[in-house]
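Take a look at these structures.
Both of the next two complexes hold chain A, though its partner changes from chain B to chain C.
Moving on, here comes the complex of A and B:
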């Protein structure tokens, strides 16, 4: 069973009288353990596709199976729990909560795991222990008590990656993860994704940057709302 | 959402939190105050009734419409004698009063001079501190003797015992035989210690001709079961001798009614004030949290992306509302306690700190806060994650 299976995904945005078809029937399968880059120019619909793959947005038409689950037959709150269990997000603008320190930011998703899942996933290590370990591994072990405002862009993105990993999700979904970083920090972030992939994680990176896409094993090009693999 | 996160969020935006707390704070203070005021005035009412005696009947000249007028003496010794023939009563007494100039050889002052019947001092609970009270002989032989209050004795003979001294009431010299213990002031501010008591017959001869009029009659009932019947009989006697608007019969039931009417009025006005304060506080909190929800729209989007359900988003905001309510309640209770001490004496209400006040006010604060914040919280929980995430600058 494929991890991600999209069938005939269409997305139409309505703006008054105007209808814009952003995705025009996308069929896509991603297996467990792949490192995929979704590439395309801005306005190509790649972000919309990422939001649909991340269960944050619903398509106008089409089917999406995540780990065999018919995603869009679920209600909003069930989708939320599905995200908590399966998906770790990394965003272009980090989205760290300003009033929480590094460690607490990483721990936010833990509260949203269903109780049984939480027990299962943190059987060996407590969430705090795991968060500290992840941050240490990402070179943030000395900055657990720092507030986001005290960090550089590269450091913020590393905290965001630790947050994406804390619940041990099936998929890491990254939207332009290097978009706001200098080239050295961007490179370091991509190296981290590569490392995670080598450990067996499924990583999907959405980008317009060929250099970023070059880290992936498979590049899916989106143009005018269609796949050009 | 952990409690720590709630506090960190509140601390992060101190101005917002301060306004939210202030909004609820006033409601808490006024609620604490109103509960204490009601409790204090009901205690006061109980005290007044205890003072009056639950078994006593008081008749004064005047009418309910025109108010008691001690200067219009409608009651007479005939009433006293007829009431005295009723069975099942005791400690019957009567009196007449006139503000009169009293003097010694050196100085003079105005004082309330009472011509009183037997039992007066005991019946009204004047306790003799020095000397003695009146005896049968004082009344029978119309002895020119007086029992005085502390204000009188301290004025004429500071630091000395007044017993045996002579005062002039009008032009008549009277010998002081006793001083009663300090009684302070009535709730209306009448000084109870600036009084001179003399036998009724002596009053008639020295202060003013009484024509057998009296201003107050008081007696007590032996068996509480007969109380209503005796009051009814008393009224019948008085109605035979007077028009209905010439006298007022005061019983503890009447006093209770009057006092509870007063405290109900108080509760009503203070209640409106504190309800208004809380409702306004609720609106303030609600609008602060509406703004808060939109300012943090991206945070809501993020939390939803990370797996938060609508309920968990509502819980996030309600958690903050609860914290605001708790902080407001703590500060408000302290300020309320201070307000009790400062404001209640001005309203002539005894200072009390009823435990209910410090329970009811926080409960209301929590309910109002949760109710006020529920709507913005609900609105926030319905933000669509994709749109919400785009709101971050």
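Moving on, here comes the complex of A and C:
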């Protein structure tokens, strides 16, 4: 069973009279353990595709199976819990909560994991221990009490990656993760993704940057709402 | 953990936090202050009436009216006399005990020093009527009244001030340089509702007060205790008829002691009602404060909301978070107010001599109300917070 299976995904945005078809029937399968880059110029619909894969948006048409679950037959609340269980998000603008320190930012997703999953996933280590371990591994072990404003862009993104990993999700979904970073920090972030992939995580990176895409094993090109692999 | 974001957010917005807490704090403060004082006062009223007995009648000269909850003597007549008291004693079969009273203000000296104390002339029956017992020694006697004897009984505080714990029977104090021998000390009484200290008194025979000290023949009033089983209203009528016959006009009033106390209580109740209105307004302002601050915070915490939703928070969880936060804010503000009002009530009731009283009921009622107010004020911000879709917040284009 494939981890991600998209079938005939279409997305139409209505703007008054005007109807814009952003995704025009996407078929895509991603297996467990793959490192995939979704590439395309801006306006190609890759962000919309990312939102759909991340269960943050519903397609106008088509089917999406995540780990065999028919995602869009689910209610909103169930969709939320699916995100909590399966997906770790990394964004271009980091989206760290400015008034929480580094450690607390990383711990945010833990609260929203369903109880029985929480018990299972934090059986060996408490969330705090795991967060500290992740941050240490990402070179942020010394800055647990720092506020996001006190960190550089690269450091912020590393905190965001730790946050994405805290619940041990199946998939890391990163949207232009290097978009706001200098090339050195960007490289470090991509190396981290590569390392996670080598440990068996499924990593999907959405980008317009060929250099970023080059880290991936497989590049899926989106153009005009269609896949050009 | 979920409260951490609230705490951290307001740590960076302290002024706003204080403003949002202030309204509820004031609301709780005034409400529990009001409930506390009313309660303390009711206890005091019960004690005062309980001691005096709800059956005691007070005859006052002139006309007494209850204006706005206060007993006001409309006109003064020096017409109520010791003879009236004697007549009541002899002619009213339903009367068990009678004692006129007259307050005089001589210079009181003790050991060469002037002291301040109220001097009251009363009859020997005074303790029976007011249910008042000597702590040591005895009260005044009939023959001392008849002889205009220079004898004195001290109130609890006067005795304590002058002699400490020693029983001063046989010692002497001076009223206008005349020596009065002390024959007893009365038990502790506290204050009456108007705040007058009932223990800072010296009792002397009425005849001494009227003839020796002020040299008049009228008294300030007459206490009457009806016999057991007699209807208080009938005794009141009996007394009125007798005095009307003696004076030829109604230049006096007969009141139940309880009614006199109750008019004071009514005055306090009007105060209570006003402060209830004040506290309700404060609660309203407090609710608006929390509503405003929480709604504002929703817009400043969009990243938090977006991130939490993205990482699996349902709308319900977000709404509940904001609701709980609003309730918590209100509760924190309320606790501050409750604490302050408890301190105030304890201070006021002990200063007023009502005895130590801790207003648990008022504080609990107000805290409950604060929580409810917080939850109500939190509904709108909570709905607002949960109305955002994560992709709207996190849309990067």
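Keep in mind that, in the parts below, the second predicted complex is superposed on the first by the 229 of 229 C-alpha atoms of A that agree within 3 Å, B and C clash if a C-alpha of one lies under 4 Å from a C-alpha of the other, contacts with A are read in each partner's own complex, and residues count from 1 in each chain.
Going forward, a contact is a pair of C-beta atoms (placed from the backbone, for glycine too) under 8 Å apart; a residue touches a chain by one contact, two chains touch by 3 or more.
The structure displayed is predicted, hence computed values, not measured ones.
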When the two structures are laid over each other on chain A, do chain B and chain C clash or fit? clash
Considering only touches as defined above, state whether A:93 meets chain B (first), chain C (second), both or neither. both
In the superposed arrangement, which partner chain does A:28 touch: chain B (first), chain C (second), both, or neither? neither
According to the stated criteria, A:189 is in contact with first (chain B), second (chain C), both, or neither; which is it? neither
For A:112, select first, second, both or neither according to whether it touches chain B, chain C, the two together, or no partner. both
With both structures placed on chain A, which of the two partners, chain B or chain C, ends up touching more residues of chain A? C
Does chain B (first) or chain C (second) touch A:81, or do both, or does neither? both
In the superposed model, only one of 9-17, 135-143 or 153-161 in chain C has C-alpha atoms clashing with chain B. Which one? 9-17
Chain A positions within both the chain B interface and the chain C interface are 51, 54, 56-57, 76-77, 80-81, 83-85, 89, 91, 93, 95, 97-100, 104, 108-109, 111-113, 163, 167
If you look only at chain A, which of its residues touch chain B in the complex? 51, 54, 56-57, 76-77, 80-81, 83-85, 89, 91, 93, 95, 97-100, 104, 108-109, 111-113, 163, 167
Chain B residues within the chain A interface of the complex: 1-2, 4-5, 8-9, 11-13, 298-299, 302-312, 384-386, 389, 392
Residues of chain A defined as touching chain C within the complex: 42, 47, 51, 54, 56-57, 76-77, 80-85, 89, 91-93, 95-101, 104, 107-113, 163, 167, 175-176
Going by the contact rule at the top, pick out the chain C residues touching chain A in the complex. 1-2, 4-5, 8-9, 11-12, 301, 303-304, 306-317, 389-391, 394, 396-397
